[in-house]
Amino acid sequence: MKKGSWLAIVLVLAIALAACGNNSAPAPGSGSGGDGEGNPNLTMLMQYSLFDPNADPVAKNIEEATGYKVTYEMLPAESSDEKLNLMVANKQNFDIMKLGSAQFYKLATAGALEPLNDLIDSQGPNIKAAIKEDSWESVTIDGKIYAIPETGSGISVGEELVVRQDWMDELGLKHPTTPDELYEVLKAIKKAKNIVPLTGTKDSIYGDIAAAFGVLNDWNDVDGKLLHKAELPQMKEFLTYMNKLYSEGLLDSEMPINTSAKAIEKFSSGNAAMIKLAWWSASSGEAALVKNFPEAKIGIIPYLVGKDGKSSIGVNLATTWFIAIPKISKHKEHAIKLLDTKLKKDIFIKLAIGEEGVHHEVKDGKYYPILPKFNDDLTNASSYMTGVNEYDYPAYWQARVRKDPVLQSYYEAFQENAAKGNIVVDPMSIAPPIDAVSKNKQKLTKLLDDTVLMYIAGAQSIDSYDTFLTQWMAEGGAESVKEANEWYQTISK
Amino acid sequence: MKSATAPLDKPQAKRNYVKRLAADVKRDWDLYALLVPGILFLLLFKYAPMYGITIAFKDFNIFDGYDASPWVGWKHFAKLFSSPDFLHVFQNTVILSFLKIGILFPLPILIALLLNELRRMLFKRAIQTVIYLPHFLSWVIVSGLFIDLLSSNGGLVNKAMAMIGLEPISFFLDNSVFRGVLITSAGWKETGWSTIVYLAAFATIDPGLYEAAKIDGAGRMKQLWHITLPGIAPIILLMFILRLGSILEAGTEQILVMYNPTVYKVSDVIGTYVYRMGLGNQDYSFTTAVGVFESVIAFTLVLAGNALSRKYLQRGIW
Amino acid sequence: MTVKTSFSEKLFNFCNYLFFILVGLTTLLPFVNLIAKSFSSEAAVISGKVNLLPIGFQTGTYMYVLKDSMFLNSLKNSILLAIVGTALGLFLTTITAYPLSRVQLRGRKWFLLMFIFTMLFSGGLIPTYLLMQNIGLVNQFPVLFLPAAINVFNMLIIKNYFEGLPDGLEESAKLDGASNIRVLFSIVLPLSLPVLATIALFFAVAFWNDYFTSMIYITNQDFKPLQLYLKELLVSSSSEFLKDNVDAALNTTPQSIQAASILLATLPILMVYPFLQKYFVKGVLVGSVKG
């Protein structure tokens, strides 16, 4: 296998280099100036997160591990695209930028980013070793690589329906397995408890129930063609079903204005029986519920099955962050060296989850954090990441989930349930940036979500869906679909 | 006043315009000197960037820079006016603005007048301090408060309505009442704050006038009507003319936080519409064109308002 | 004050007091709610149980916020900004308003139009940012108060007030040979305390509440003011921000701490108003207008 041999070479190379790196890296604390003195001070632009990036222990770790002093600047929490444009247009100097996908695409096509092919070939052996071939697609425009892709934590699902198990037991109800059964369960709960049983939020319309209808991902492969979820015929069925729940008082009428905090408030105060819960909110949510109702228990409803009798879960594996070097940088080679060093196997693990025995421990091949040291030193480590070792990181990353046993149990239960069904990866996950898609994505997503909420809430009749679809197509949907399929044809042969 | 300072001039000289000008400038040179710093700040921070308005007539690409972006004439204005939603959005903007001016403009004046009638100083000061508190809450928080208060699922207002046998209303989701929610919350948040400028104006009214009125046997209402109100009329007029200048700004920040798709029909205004259409692709030229359109209308209204006020009330801003 | 109050006046008074008690309560209660939340346990806040009294009383939230160096530093910045900005703004705005309030000033109308024009038209963010960068203000503390130091709205209010002062005052001073500037500082300003207090308040509050300027121009942690910190705290916990960012979702700020931060960020500026209120008293002109 071509791919296998390539991998082997890279691995050997990586290990060899890692060993070298180990020798030449300055020992922490032993006059680290020695090696780093010839290195220029680099500046890196990062995405917003609530901490001081230049005072965080991770920044110091990076300096010690790589020999580069880096000054960090963050985009603002709001209007970040605006600020980025202003900085780039006014030639503010950065050596490294961590960008979102829309930001990346805009800067790359505006010619503000340096093509990295040669630099990576000559200076980036660790980068090459860390990143899978598929991921490079997402950063390649017209054959040129404009960034190092940073993918997330691997395949994982975030949300699943949970229910007040104590009520289910009291009423002798079984977990529903299909949308129809779900409907009956909701009706039974409403009758017995006189509440609106299912609550939801404006930000999380799809997932669970939608998936049972076949509305899985933003983009779906139907007979070799890419269809956006807006075009799926199943969309109408899903909306009709949701509208039925809504109009019969089974779905929270305030869904169009609920934030996730509000939905959790309704669930934990006993005003709702069922909610689509994200595992990262599970810990605090459960604590609040049990505080109010000491006998309350939460049951996780397995993913509903669709017409084909199987459950399907859509996931997106697209590159989340794009690590680019702007043309304006005066230290491009140093920048790529820094990025490369950060991806050295031993340095990467240290920057991601710290040292074994100090910050994390390994049990049964799984990584566990050692608290509180892990939190003290590594809480913000993800913000500093500039690409991850795609082979190891999903396993490392789970140490973050194991900071809290409740969090961990929900996370693991969700993943286990998902694994029982069909995990369908959005085919666009591995797509290169596509002009029409990148340009229209945010606007079209908002348009679709807004309209979907109107249909669910019955503010508009589902009969008008086709009219809406025409509008959606006209505002950029059609060109997105066309260009997406043009790309899809090139890879599906 | 001019005649009082006239001795500086030579009465026998032929008074041509330049001379008068020179004389006036000489007389008031220190006033002009006082103006200098303010004008310098204005020129630097406000007028120097003013060329940016012309972005509305270009296809501006921020990365190419200003000079490299081509002129396109009225294209972006045409796009705005020909957009299918423009009429609807414009209508909403004007309706909301008129409602806000009609209801929320007089409100702080009324509150200020009533506050002025409070005789217990401590109570009056406490109330003044308390009613301006909401001004310091951001719209996100105010929106959260009103969502809780008006919730159809346990909100205080709906509970009270249920007690007197009324059907519950989903205030945030109902096209027939949502504008009311917008006006009420805006009133709650800003009325107290807006009274301050009127309260300060009361301080300028000569108390002797009230004493005289009392001796003449004028009651509270009469004093209010004949002394207090005329006393603050200039500031009311100023505030009103300036308020006209933001007629097409119906509260974008507030609406963006509070509205949701089910009430777009009655609450989608120019600002929110442009925001949604611009998501993800900063179309600076189009946004600027919308801004210029709003500014031109605003400027026209302020000019007209001032002219009318000068004609009928014998005073204006200038 | 010995005039006998009639029944209708009594009724009016009663209703008026009642009205303000109700209005006062509606504006005060949300703050009581915030205070209660900030002292409550997170579990109670999450499930929306906290109304007017804390549930699961704790003070850890305040300990947390008051120990946060980012909070403390931005508090310091905001206080400095409010003081410097208000002083400069008040001075600049007053000396601009005075000449423009003098009817005899030649070109007065054009100057006024020139000022008002900038209230309604602006060049927009892009050229302004370019300007700030060219004069070296980006990421510098003065960018937070210099561009806002001349405020046309405030200037018009002061000008309006000056115009309302009796002409007689000035004339008598002029006859004594005082210059315009002398008249302003020794006669006009002492009579203008109510409006100066108002405008000082407007400036202080505007500088205190402004986060947009700092959001656009300041990335340096050392110069960020409190409202930007607060904005960042709230935005980074909003569901929209967390939607696609699991790592951020794992580190959200508890709602009780958010409540404590909001209160701590608002309290300092709230104390300004009661302090300025004493200048809002009637009768500043008494005794100054003779005959």
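By written order: A, B and C. Residues from 1 in each chain.
The rule we apply is simple: contacts are C-beta pairs under 8 Å (C-beta built on N, C-alpha and C of every residue); 3 or more make two chains touch, one makes a residue touch a chain.
Quick caveat, the model's predicted, so the values are computed rather than measured.
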| item | value |
| --- | --- |
| Overall pattern in which the protein chains touch one another (line/ring/star/complete/other) | complete |
| Of B-C and A-C, whichever chain pair has more C-beta contact pairs | B-C |
| Inter-centroid spacing, chain B versus chain A (mean Cα positions, whole Å) | 43 |
| Interchain centroid distance [CA atoms averaged], chain B/chain C, Å | 16 |
| Between chain C and chain A, distance of the C-alpha-averaged centres to the nearest whole Å | 40 |
| Residues of chain C whose C-beta touches two or more other chains | 48, 126, 130, 231, 238 |
| Residues of chain B touching at least two other chains | 62 |
| Multi-chain contact sites of chain A, meaning residues that touch two or more partners | 82, 86, 89, 266 |
| Complex interface listing, chain B residues touching chain C | 1-2, 4-5, 21, 24-25, 28, 30-35, 37-39, 41-42, 44-53, 55, 60, 62, 66, 111, 114-115, 117-119, 123, 125-138, 140-141, 145, 148, 188, 192, 196-197, 199-208, 214, 219-220, 234-235, 238, 242, 245, 284, 288, 291-292, 295, 298-299, 302, 317-318 |
| Chain C - residues contacting chain A, complex | 41-44, 46-49, 56, 69-70, 125-126, 129-130, 133, 138, 215-216, 219-221, 228, 231-233, 235-236, 238-244, 246-251, 253-255 |
| Chain C to chain B touching residues, read off their complex | 3, 6, 9, 12-13, 16-17, 19-20, 23-24, 26-28, 30-31, 33, 48, 92-93, 95-96, 98-100, 102-106, 108-109, 111-124, 126-128, 130-131, 135, 146-147, 149-150, 153, 155-157, 160-161, 163-165, 167, 171, 174-175, 179-181, 184, 194-195, 197-198, 201, 205, 209, 231, 234, 238, 262, 266, 269-270, 273-274, 277, 279-286, 289 |
| Of chain B, residues touching chain A in the complex | 61-63, 65, 147, 151-154, 170, 172-173, 260-262, 264, 276-282 |
| Chain A residues within the chain C interface of the complex | 48-55, 73-79, 82-83, 86, 89-90, 92, 152-153, 158, 201, 203, 259-261, 264-266, 268-269, 278, 280-281, 284-285, 287-289, 291-292, 320, 379-380, 382-383, 400-401, 403 |
